[in-house]
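A, B and C are the chain letters, set down in written order, and residue numbers restart from 1 in every chain.
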Amino acid sequence: MTGDVAVATGDEVRPPQGSEPPAGQAGGGPGERGFTQVLIDAVTRGNSVVVTIAAFVLAIVVGGLIIAFTNTTVLHAWGNLFSAPGKAFAAAWDTASGAYTAMFEGAIVNPHAVSAAFHGGPISAVFNPLSETAVTATPIILSGLGVALAFRAGLFNIGAASQFIGGAMIAGWIGFAVHLPIVLHVVVAVIGGFVGGAAVGGFAGFLKARTGAHEVITTIMLNYVMEYLLIYLLGLTVFRRPGNPNPISPTIAKNAQLPHLFGANLRVNAGFLIALAAAAAVWLMLYRTTTGFQLRTVGSNPRAARSAGMRPERSWIIVMLVAGGLAGLAGASVVQGTNFDLAPLIWGTYNVYAITVALLGRASPVGTVLAGLLFGALRAGGVTMQASTQIPVDIVTVIQALIVLFVAAPPLMRAIFRFRAPRSGGEQLEARGWGG
Amino acid sequence: MGRLTVASPALIAMRRSITVERRVVMGGLLFLLGLVDALVFGYLAPKGHAVFTFTPTGAAVRVPNLSITPRPVDIGLGVVSCVLGGLYAALDMMTVARRIVATVCALALLVSFLCWAGAGRIPLPFVSLLATTVNSSIPLMLGALAGCLCERAGVINVAIEGQLLTGAFGAAVVASAFGSLWLGLVSGAACGVFIALMLGYFAIRYRVDQIVLGIVLDLFAAGITGYLYDAALVPFANRLNSPPTFNALKIPLLGDIPIIGPVLFDSTIFLYITYAVIVLVQVGLFSTRWGLRVRAVGEHPTAADTVGINVLATRWRNVILGGVLAGIGGAYLTIGSVGSFGKTMSSGLGFIALAAMIFGRWNPLGACAAALLFGFMTALSSVLGTIGSPIPSDILLMFPYIATIVAVAGLVGRGRPPKADGQPYEKA
Amino acid sequence: MANDGIDLDVPAGQIHALLGENGAGKTTLMNVLYGLTQPDEGEILIDGRPMRLRSPRDAIDAGIGMVHQHFMLVPVFTVAENVVLGREPTRPLGLLDRRKARREVLELSNRYGLSVDPDAYVEHLPVGVQQRVEIVKALMGHANVLILDEPTAVLTPGETEELFRIMRDLKASGRSILFISHKLKEVQAIADSVTVLRRGRVVGSPPPTATDAELASMMVGRDVELVVHKDVAKPGAVVLAVDHLAVLDETGRRAVDDVTFEVHAGEILGIAGVQGNGQTELCKALLGLLPVEGGTVTLEGRDITGDSTRDVLDSNVGYVPEDRQEDGLVEAFSVSENLVLDVYDQSPFSSGLVLHPDRIDESARRSMAGFDIRASSIDVPVKTLSGGNQQKVILARELGRETHLLVANQPTRGLDVGSIEFVHRRIVASRDRGAAVVIVSTELDEIYALSDRIAVMYEGRIVGIVPPTISAGELGLLMAGAGSAPADERAEVQPA
């Protein structure tokens, strides 16, 4: 009769996936201790940094290929690939390396300026690229912190742009419409920036807490709403620069401008210090306050948070207020630090940068600062690159997206570069969905 | 460093009766709308009639215009809305009755608003309003259907925006370079598939968080199209960015029906493709073997696996199909309407499509209905702009986005996504 | 190594039981037989022929059908849709032939007396019926060998009898049945032959007529204490009084329906019942995690009905949730962080808004020692700990502070015997210190071992409050809603 089943000797069956890892795995959990220890860990933690560097290299290579093969000279040369292969490769290499050289000179240091300085040229020109990097990185770090902090509480804040605009609006208005004495003006304007951003972010958080509206959609919609609101406001006489038909606000008062750090020749200003201070404040909040503990718990496991007596809804509102405020500070830093007025293009591509920086920095304050500096450098360099080589600065966005994509898939990196698997469980972004 | 999780609250199952609190809030809201109808739109209406025309030029059948005096009509509608709002709060009505009441009040608001906005202005071309609604909903519907296909199989696709953008780009460039609309259409689809392949690769194979992945892909799409636009399309605009566009195709007989004809049966081939896709996806998902398996994979992939269904292959297939649809939707933006490509021209449509899908409870028909609603908002803002309404144009442009926020904030109830939506599948 | 050198022989037309504890390797073996996992060595022979089972499809084709412990049913599909999934009858163009599917389901279910409604949605069906759907599904694939993985975990004693009847009928029709369980009594009742697994190896094939003690010691590898030593309870004042409590679940159904009971200080009330009869909702309502529809909850004389979870926990209540990984712990957090999950905002762990990590760590070290938590340090993520140690973390947290009431839902689910003993001892110790304890468990052994009084829940109501001297048979009747016992017990307890 059918139905005999026999399983013969010598079976060695692999344990099911997800069975317990061997005891004694030090994962270096999130309960980080001293600030310096954190810094050291972030820089030296083996595999995570290696993967990031590898992703960076790979993204640079892919970016270089794109730059090269969208250049007409290179395409011509490759049309003659078989008759003059040397020229083809040289053309490709020249284009790509020229682009990256220009980027480097725009972001870090330009050797020509250095040699000129030795011959009596201006010293400030030597530090100009670094200054530009810092200036560019400031709003990126701040808005990146806004996204990163929200991540920690389990929220995906794509509305950094709307919060940025909210902050810029208030800071700008205080800057040109209100008159206050010297230190007070700039401080009040900065605080106004925080408040403006917090209002917009808090609204999205409130919607999520009360109605469950998914923050991805509401924040993106708010981006467009705030964009149009800004344009509308700039059309009103209250906001418009007298005598100028374009939608642009009056210049903000001198007293409201953020002071330069190293003299007027370098654009780097107090906003950079605000960014670093904000990162430290975020770290303190997350790891040294009860609110931060709540946020992290809610972000890691909202159900366990509830069972422990916490209320995720409250955490969401709080975190979106602070995150929005940080992005608002980014807006204020641009209005008060470099542009000195309010204009529609003001939010530019900051949203993109904020998200990619937060992802790259694994949503930790230190990581966000480092990633922000990196992307600030890329952007500052990109602007110079566009000016000198006509290569559009959008390629920087592509490279950033590639870096993040590659970093998000360590198995892919390992496959390409043949790394060993990391010791602890992967730092991959864990997949969740619409419903918890 | 700790694991990164992006979580959302559990979506509540639909109940038959709602709490007293919810009833009172909703009823109060409807009452408030009634007040707005009567006072703002009625009492404060500017002088003059609001005229609605229903006969576009060249129509076969002439339908007479409708001329409305805003004040009495709006006040009347406002009273109706107030009464209904009061009833809603006071009585415990069945779900069907509640829906009808809410819809009536919403319609009353709409009519009052239109009368107010059109008072004393040039006639409001109602058919044009509907036609623009339908046409501007095409990318939304195709995007929402793409979303349904992906999410029903359990893959969250937030990259619809990127698929629309690259689809628009590819269609414009190829149609322009080769002078062929059909090649352009195919390229649009192919570009959508290109993004879909990346989505599938990172989501299915490497199990990355799908929402984060989608957003990054959107950034990538914006970056690469923006870069290529500056690098190639601007200098070579004649060769690469001057595509022909599809002409409107009127269906004989059906296209001549008054009011509906010009709206539903006189448009580019994209609309007819959309009709076909709606039917195919709806029937496919709920009446075929293929659809049953897809939904099983989206709800309970392990169960599907244990009966021999290939979960990963099913997900791949649906993601790619979704890419085709979204790519075609993107192609509409260029070769179906304005022709040339512009940076970030998808302007958030992909996310509105997502909202439509959620609003439509992951059902193709519901998603399309929601998409039409959002499309209506866009059309409204454009039509009001042409007749010179009192509302500033920038505020008008906000309409579709605000409508999306309102919709997603669940004023009209929420649904439940497929159970395994967004959860990557690992073999046990 | 999950399975090591396993030889298994199942003769045709017999019910063969596979007995073993959690983690003994039973599930892995079944996954191999069903093609879900590939063996590293060895072979599978069916009717003497070697088979390669690379996927469930292969297994189904080879005549193996499996009824999983966690049902492989899509809740939003109908019974018919679930049963035909994977081998759907179709009309032209791939359209589903629903009528044919319905006919096939009815025919099969009638043939074996497994009555199921093809058009019912699975999510609305009670668990026992869902299991029948699983069986129909397995039979639909022309299975000659039926594997049943822990099928009685979710059944009342009455439904278990029904299942055994079905199994005997199937056996009579010539099929072989592989029955996996960790419950000695059932194995003795139904099996023709037994294989005992321990730590991935076969440790013996005793006859089903072996005694409890023999089987248990083979399963565990040593002589097992089946009884917990505890002193007689000395109950004090009433700590928890629940009066006509009603709680709704998500679908608006009354999950807890007019429940009344009291718990005194220094006693353990065990709540017995098959899973899904309102026990979880009851616990959650006590903790403020579910809204209360009607009735009151009084703690030490104070009305806490509808209080927030925070307030309840702060009133000296300890909570051990049913799902320790989802509700009790944050997997990514360290041991020390998990140990302060509900007290982080109280002194000495924080003052105002400021956290004191050093004091948190100090307390964590003490707890680790006191509760024998095996982990390499207090900083490792708690997900690296074994189930038993994770549960110890939760206990250390809840018992480590002053607790006047302890609510524990399935406190030893999935734990090894050593951990179970530890947890039981701690719970009894808590009782002896004067706490009132409410234990919810589906394991009758645990209920008998711990309870000073037993309350039985069935369909949201308390159908009886009885002493632990009640026979298992009568208890089973109560659990199935068929017994009779006093449900109001205020007269039964004499305060010390």
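Note that in this section a residue touches a chain if its C-beta (ideal position, glycine included) is under 8 Å from a C-beta of that chain, and two chains touch if they have at least 3 such contacts.
What you see is a predicted model, and the numbers here were worked out from it, not measured in a lab.
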Consider the two chain pairs A-B and B-C; indicate the one with the greater count of contacting C-beta pairs. A-B
Taking each chain's C-alpha mean as its centre, the one farthest from chain A: C
I'd like the Å distance between the centres of chain B and chain C, where a centre is the mean of that chain's Cα atoms. 45
Compute the distance, rounded to whole Å, between the mean C-alpha positions of chain A and chain B. 30
Listing for chain C: what residues touch at least two other chains? 31, 37, 332-333, 381
On chain A, where are the residues touching two or more other chains? 16, 28-30, 296, 300-301, 425
Check each residue of chain B and list the ones that touch at least two other chains. 2-3, 5, 12, 427-428
Within the complex, which stretch of chain B touches chain C? 2-3, 5, 12-13, 15-17, 283, 287-290, 292-293, 295-296, 299-300, 302-309, 419, 427-428
Which of the residues in chain B end up touching chain A in this complex? 1-12, 156, 158, 198, 202-203, 206-213, 215-217, 219-220, 222-224, 226-232, 347-348, 351-352, 354-355, 358, 392, 394-395, 397-398, 401-402, 404-405, 408-411, 414, 416-417, 421-424, 426-428
Going by the contact rule set out above, which residues of chain A touch chain C in the complex? 1-16, 19-21, 23-31, 33, 287-293, 296-297, 300-301, 303-311, 424-425
Complex contacts: residues of chain A adjacent to chain B: 16-17, 28-30, 42, 45, 48, 66, 70-71, 151, 154-156, 158, 207-208, 211-214, 216-218, 220-225, 228-229, 231-232, 235, 296, 299-302, 312, 352, 355-356, 359, 362-364, 367, 391-392, 394-398, 400-402, 404-405, 408-409, 411-412, 425, 427-436
Going by the contact rule set out above, which residues of chain C touch chain B in the complex? 31, 34, 36-37, 55-57, 60, 66, 68, 71-77, 81-82, 85-88, 90, 93-96, 250-252, 332-333, 381
